[in-house]
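Structure, as structure tokens:
Every chain is named by a letter (A, B, C and D) in the order it is written, and numbering of its residues begins at 1.
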Amino acid sequence: MGRGEWTRRLAAGAAAAGLLHLCLAQRAAAADAAASWYDPQRVGAPLVVLLVFSALVLYFIHASRRGRALYIRRIAGIQAIEEAVGRATELGRKVLYLTGAGSIDDNQTIASLAVLRHVAGLTARYAVDLDVPGRDPLAFSAARETVQEAYLQAGRPDLFRSDTVHYVTYDQFAYTAAVTGIMVREKPAANFLIGAFQAESLLLAETGQSTGAIQIAGTAEVTQLPFFAVVCDYTLMGEELYAAGAYLSNEPAMLGSIKGQDFTKAVLILVILVGVLLEILGVHAIKDFMAIAG
Amino acid sequence: MFWKLRLPLALTFIVGLVPIVTFFLSTQAPVIGPAVQFARDRVERYMVIIAGFALLLGVVSVVQGSVRKIERRRPGWPFAASLLAGLVVMGAFGILSAMRVGPFQGLLTAPDGGMTPFFWMTRNLFNPLQAAMFSLLAFYIASAAFRAFRVRNVEATILLIAAFIVMAGRTPLGEYAFGWLPGGERWLPAVTDWIMTVPNAAAQRGVIIGAALGAASLSLRVILGIERSYLGTTEK
Amino acid sequence: MSQLIGVWVAAFLTLCIFSFLSRDNPFFRFAESLFAGVSLGYYIGIVAVNTLVPNLINPLFGDFGANAHLLIPLLLGLNLYTRFIPRIAWLARISLAVYIAYYIGINMVQKIQGEIVPQVGSTILHPIGGVMTPVDNLILIVGVLAVLIYFYFSIEHRGAVGAVSRLGVWFLMLGFGAAFGYTVMGRVSLLIGRMNFLFIDLVRITGQVF
Amino acid sequence: MKLERLVNIDRRIVYLCIAVGTTLPLLLPIGLPVSSTPPVRSLFEKVESLGPEDVVLLSFDYGPTTAPENTPMAEAILRHCFTRGIKVVVIALFPIGGVTMAGEVLANITPEYPQLQEGVDYAFLGYKDGAQAAMKQMGVAFVNVFPVDNGRRPLGEIPLMQRVVNYDDVDLIVTLSTNVIAEWWANLVNAQFGTPVAVGATAVSAPKYYAFLDSGQMIGLLGGLKGASEYERLVIDRYPHFARLYDRPGVYTAIKGMDAQTVDHAIIMAFILFGNTVHFLIRRRDRRAGLRDA
């Protein structure tokens, strides 16, 4: 069975399970017997959304692999990545890449590693120094694998040194102090601040701004977005961060997954619109359904 | 090739589905109930232990880097020495406390309720350094506000006005501004509350829903083995 | 006396950090490198005492039979160090893969159950009404939809979609500005705390000793 | 050219202004007028209505990071209670430094009241892990949660604790809180046992407690330094002898802290206005120059 066939079947299966579940959920609510299999607190809206979402994503991955052309609009922050590395090449200065505060249990860090993979490929190709100081030990390990492999792929394993990806410390502000020190002393031409960030976001971004580096930030942390948006040259906000790696890879399967998540978004917008309409009419069915798991 | 790439990917697929499937199942379920219970209780503890081991990987990297710097007398090598000194002293106190060697009984409080050396270092070196670094934000937030809040275009102007109102509304300045009008001292604080609870909440909610979709989509890509930058391996 | 030395050490290090505001200098560099070392040592202690000893070592040494399953995380943890042996360095990826996979699965359901469903659910409101004014709900609904449209990647942002997406940007800017202004107070409080330490506590404690 | 220099002034000038604006008000109090708001007044009036027969439970649910905001609240409320002869039971439920904060505040305030006896007029029970469970258990008996006080004295030997068995013997609970613990006091203790709860919250978390005030689950709220300074002002106005205490130069108070806050906010806003004025002048100049050239 080919790979495309496999994803198509999964998609169809997920969709069918979604419909089946919708019917079952009504009964499960009435019959206590079903509750011994399900966790009644958790099935309902979350499971429906999960199945609809998975079905859409799998379908578009499949369609994209079959050669269907998918349009994805320009995202300024992503376009700027190559420009930033290019500038470092011109100036002969290093590129600094931070994967954020999160460990690899945070999806933002995984998304950041996908972007790092691309950035490392560029720095290898242009023979620019790359500096990835690590904060979380597991994220540091994964970043090291990522960068080393990117250099190997680019045919420049000679340029990868053991201090390209180096560890600093686990502490939020000790790490911040060390990185601001690097920024001020070594004046990187480009700073990438991509991943989960906490209060240190502004300390890092302001220091980087003062050294004249071009700064590309990306995070899904709602509380830190304002600071990146105000200080950095480009900011990948929330969903853009997660899409960046897929966008950069330009692989059909990756792009298909973005299309699938976009369609889910359209469905959710529709759910909100219909839900609001029903609220006006005094029918609370959709609101109640979404509130079950609240 | 199979072991190096396919095994990690196969493990990712299987291990990744476990929390998704067990999430919806009941621990009371017939047959699989105990397995669900196991997945929920034990695996989380396993992960904490694995993460604990990872810290030493970082320590090795730091020690290697610093020692190399000192050996080769690279610029700034004395600072590498002070780093190592801090690491060795504090780390030794920590490990001795973990092994309960001699006077090192307990990490933060000694059995008699007094301060351990580890705690003394935490309180007088570590915590003040953290607090000092954190408080630099007051300076940085001011300079960022000065530089960035300019009436350049519609977007920047909205940003500026919102920030300005909220800054005023959170201090007595907001009360003075319209205090000369009857009831005016409540205006800016009320507008501040409104901005925070209505438009700000809407923006945050939009970002959260979008980001959650993006994160879920990334999860799916990882589980399916489409996204594997983090493994450092590609198929090409 | 130990307290007196302590506060003066703390004060000195605080000033070293503050000196960075003027420019980079050896005092900051010293504080920064000491900070990195001490903090790493701190986490060694914390991880050893709070994680490895109670969750792994004590159970294994206490009652091996009942806790033999803990060999799984032990092996996966030790496996991370195969990285230092070039021939089998790739083995370390297995531990990473297992760790990532588990959390990536958890995150998927949690994002859907904990964020998407409740956030969408609480946006389904009667448009007339609200906490503070009668149009609050309407503004909230419009704002959420506009921001979601802004994040829509599959359509070019032109025409009507472009206009709604621009409205989404305005909502984002309003939110960002407000959040920025709102945070100022907390950050200034931290600085007040430090200044209070340098100018009031330090003097008081020194005075108490002499 | 000169105007451009004004827009791009050295950021250290901004830093210097903030440093001075924070330090001076601490050393030389300005005494900006403080007007009190209803949530603060209602807590103050509640304490005013209590006397030597009554008991207040004061819970330290914050750590050193928010001490500049929370400690002045604790001190003002404690002084208010001690002045009125109200009995106070002090506990700490915040894991990272709560008990340290409580100890420091007591060590600071009790010398001002030499007539008070520990164990008779107030009791310090110490810290308990697991705030929610502790709150529920204290509804049954304090001794279940705190078998001994912070000085390891059995509760049975403490005269005050012989008559304060559980929440039934407490007239008011005040929590000084940095996070969710305040909500638990309202949702668990007030809802279940009916004891009035008031909260001293950090500025960041204060807005979400308005809902609790509206629903009557909290009878008072001090929000951040602002709230603390309002309470201090109310206490000073009612008991003028406090003015001497609060005006001493070597003492940190919320009124001084609030002065610093207000000054710093004013400085930042002034810089923003200044930057925009210059920005506007540059644009006007350039537009005129453009007209001339054309």
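Going forward, a residue touches a chain if its C-beta (ideal position, glycine included) is under 8 Å from a C-beta of that chain, and two chains touch if they have at least 3 such contacts.
Everything numeric in this text was worked out from a predicted model, so none of it was measured.
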{"item": "Chains touching both chain A and chain C, listed by label", "value": "B"}
{"item": "Highest C-beta pair count, chain pair", "value": "B-C"}
{"item": "Most remote chain, CA-based centroid, reference being chain A", "value": "D"}
{"item": "For chain B paired with chain D, centre-to-centre distance based on mean C-alpha positions, whole Å", "value": "26"}
{"item": "Between chain D and chain A, distance of the C-alpha-averaged centres to the nearest whole Å", "value": "39"}
{"item": "Inter-centroid spacing, chain D versus chain C (mean Cα positions, whole Å)", "value": "25"}
{"item": "Inter-chain centre distance, chain A versus chain B - centres from mean C-alpha coordinates, in Å", "value": "16"}
{"item": "Touching two or more other chains - residue numbers and ranges from chain C", "value": "17, 20-21, 29, 31-33, 35-36, 38-40, 42-43, 80, 83, 93, 96, 99-100, 102-104, 106-109, 111-113, 116, 120, 122-123, 141, 144-145, 148, 151, 172, 175-177, 179-180, 182-185, 188, 190-191, 193"}
{"item": "Chain D: positions in contact with at least two other chains", "value": "11, 15, 18, 22, 65, 203, 261, 264-265, 268"}
{"item": "Sequence positions of chain A contacting 2 or more other chains", "value": "42, 46, 50, 53, 104-105, 107, 110, 138, 141-142, 145, 168-171, 173-174, 177, 225, 227, 230, 237-240, 243, 258, 265, 268"}
{"item": "Those chain pairs that satisfy the touch definition", "value": "A-B, A-C, B-C, B-D, C-D"}
{"item": "Residues on chain B engaged by chain D in the complex (per definition of touch)", "value": "127, 131, 134, 138-139, 141-143, 145-147, 149-152, 160, 163-164, 167-168, 170-173, 175, 185, 193, 196-197"}
{"item": "Chain B-touching residues of chain C, taken from the complex the two chains share", "value": "2, 5-7, 9-11, 13-14, 17-18, 20-21, 29-53, 55-56, 69-70, 72-74, 76-78, 80-81, 83-84, 90, 93-109, 111-113, 115-116, 119-120, 122-123, 130-133, 136, 139-148, 150-151, 168-185, 187-188, 190-191, 193-194, 197"}
{"item": "In the complex with chain C, residue positions of chain B that touch it", "value": "3-4, 7-9, 11-20, 23-24, 42-43, 45-60, 62, 76, 79-80, 82-95, 97-98, 107, 115, 118, 120-129, 131-139, 141-142, 145, 154-156, 158-167, 170-171, 190, 192-210, 212-213, 215-216, 218-220, 222-223, 230-233"}
{"item": "Touching residues on chain D, where the partner in the complex is chain B", "value": "11, 14-15, 17-19, 22, 32-35, 64-65, 203, 207, 210, 226, 258, 261-262, 264-269, 271-272, 274-276, 279-280"}
{"item": "Contacting residues of chain C [partner chain A, same complex]", "value": "17, 20, 24, 28-29, 31-33, 35-36, 38-40, 42-43, 80, 83, 92-93, 96, 99-100, 102-104, 106-109, 111-113, 116-118, 120-127, 141, 144-145, 148-149, 151-157, 172, 175-177, 179-180, 183"}
